[in-house]
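Okay, here's the structure, questions in a sec.
When the chains are written out, they are named A, B, C and D in that same order, and each has its own residue count from 1.
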């Protein structure tokens, strides 16, 4: 019954227009002190078993093939407790 | 890392340089050394390598494309012909139209969504830089077999890319093609067309006249996008080596492009633009060399002033970056404040990075040192020109001999008809076209499922005087016909687009084309190319419609297997009274049906 | 004296020309309003047209909602100024909490452009008084995020108070709850909908209908008779 | 120079068609054992100062007013170390 989180972010060298648009909007809304914003995706996967080695290997595979576009994105996996 | 200055280059003539990795041949490199009288600096090498790439220099196609000019029919309507960002055609009542089609095939294979999106972005900036308001887009697409696994990756991404970018710009998509054929499986074709409207006397050119005028870079900041892309992505085959040195994928920002469009139109209106050029493949290298060569002959640029997204970029990388949504303008010194104010209104970053000179040299500095000092025309116009060997493909005669008469007669017509109707190439394309906004801007008279897109122009530019005119556009191509006979295949593509325009009630006026072929270094491909160009040029002459511009895309192949030769042809027509356009389909019961032609 | 209707342009707004044209065809005087100005220029009503304000980045309408013009528009709308938001304009109205609920990604995850039938459920609003109850209209839709959602309580309230102004007919294109295509506030002066009436006002262009005209004749009647 | 993460997820009662599409695709790709997928957004904010109380209060405000639409979304904030 474990829950696994996959965070997917654009690679650092890839333009993130959404993040930039937010960063430009913040000062107009009176928020200062934020120098950069990057926007990515977060996936919550509910597993029907424990988050053991085998399950995490599967999740890694899913992230590589489906959840992230590895041409432009990096991902990170963690088990939520 | 030591800065490779001009001074240093002169002192270290024997330093080895990675010209081969940048796609340059030995003799090309030697020519650069002759031109400069020394070895190039690494920044200069970056400039020459991208400017002399197939993609930017048309070195293999130039000798053939000349026919479009030499055989061009006399046409008073042509205001700007080939060689500019896009051709401009006079459509009457003081109005002019500019249109062009361009490929983004290789990037769309690597990253379908971004590749296709930036393909739209690029062609829209071409049209914008002529001084026109972009008013519509079209797209001609080729994918592998509908049931081949990679098509599942490529097709949805490409359609989404075109849709998200074009929709966000507010440009109606008024037509195109979707064709499936196994020959495109490792090499899809994404050809995007844009059409723009301007007043006849408002044409802008990519030129930098008037020493003392300022060079302004505006739009997005420069990042690592597509560095090396112009030479690696667009002119190398997809072998593992080029995959390994794959540059950062260009990512589009359609919102920035929308701002750029509105900003540029306001700049044009304010009369503060002397010359303008979009930054596409070869980025700053291309814009500076071309504009300087066409203008006063010289330019001085301080590369440190280029606003960067990635502060670690080296000058060579800045010169080669293909970051999207950037433009370069030449502005009279007195107009600079007004120019910058308009950019600020639209939230478009703009920076003066240099000025026009009459020295005949393009000089660039970095940290106060001269790292580029070249005659700009040598990079922009005097690249190598190849007369590549041609050879009719080995199986060409046999292929043609294998005619339909050898096929068995279908036994069950019903079955045959159902198979045809259910085949991906004939099935409805609504899955694609329903993802495109065809209504935005309120001037779409006909779009899918019509044979040609038709636009009203009266209201496309607010404030201009009224006209009843409209324009029609169609884009067509058939790689299978062209494979059988490239000469006739190109003519058939033209005829189809020509007919599609004509049946809306419009008079065909001008042609654009995108020539998608395999490697020019393969004599059999080169033969196909030469035949197709000859066919298209002859047909344009016969039909009396000039080619106003276009694009050549070579190296469309997987390994050594080329795609079918695929010339895609766009035809523009004008209709005097757009309310008289003819819809396709049977409009009322009881009407007679007539068949015209053979 | 003709009614003065403002059309707001945000960075990324696309349908402002169309909105202005539709209003002009109906006889209104159009007043362009710029997002960065805190000035409604004394207009009698406001049209928030469609498009991709701020690229639709983050969420559709999320950034536009904070534009300076909205600081004027929000209180004015709350005190009765007629406001119509179509597509992105509807999204902005929801983000600004002038209308309840939210517009989320279409159920099939695709942008969709098609001619859609919708049914008029409420003819008491400032923008629909010239329609017949139950009248069906053919209007273009073109959006990627048009799936209307709200919590159950809000939905029940909207239904109970007759504040569902339009419902999709002949198939729900995006998965909107209760087939909702457009809603209004309690007072009936603010209306938001995903379809585009401004693309259905001319024979020659746009959708194969002129059903959009009713929106603009409605508001003109309302304003001129007021 | 702190980095703050804002995770934004649709409220549990709101349908998440993207998450569902992924959940449906997984078995087709040969992945089993995932019972539910939810897709959300992840924002990385780079601050020009430390992530102290005041800064986090600001970020909370940003999340509430801009980064999340609290009509349909929940958010969580954490400082990255």
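We adopt the following convention: a contact is a pair of C-beta atoms (placed from the backbone, for glycine too) under 8 Å apart; a residue touches a chain by one contact, two chains touch by 3 or more.
A quick note: this is a predicted structure, and the numbers were derived from the prediction, not measured.
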item	value
Pair joined by more contacting C-beta pairs (B-C or C-D)	B-C
Averaged-CA centre spacing for the pair chain B and chain A, given as whole angstrom	34
Intercentroid distance (Cα basis), chain D paired with chain C, Å	29
Between chain D and chain A, distance of the C-alpha-averaged centres to the nearest whole Å	9
Of all residues in chain C, the ones touching two or more other chains	54-55, 57-58, 63, 66
Shared interface positions of chain A, touching two or more other chains	17, 21-22, 25, 29, 39
Numbers and ranges of chain B residues touching at least 2 other chains	253-256, 347
Pairs of chains found to touch, sorted by chain label	A-B, A-C, A-D, B-C, C-D
Residues of chain D that touch chain A when the two form their complex	7-9, 19, 22, 25-26, 29, 31, 33-49, 55, 58, 61-62, 65-67
Interfacial residue positions of chain A with respect to chain B in the complex	10-11, 13-17, 20-21, 24, 69, 71-72
Interface residues, chain A side, partner chain C - complex	17-18, 21-22, 25, 28-29, 39
Chain C residues within the chain D interface of the complex	58-59, 62-63, 66, 94-95, 97, 100-102, 104-109, 147, 149-151, 175
Chain A-facing residues of chain B, complex	110-111, 114, 220, 223-225, 248-249, 251-256, 309-310, 323-324, 347
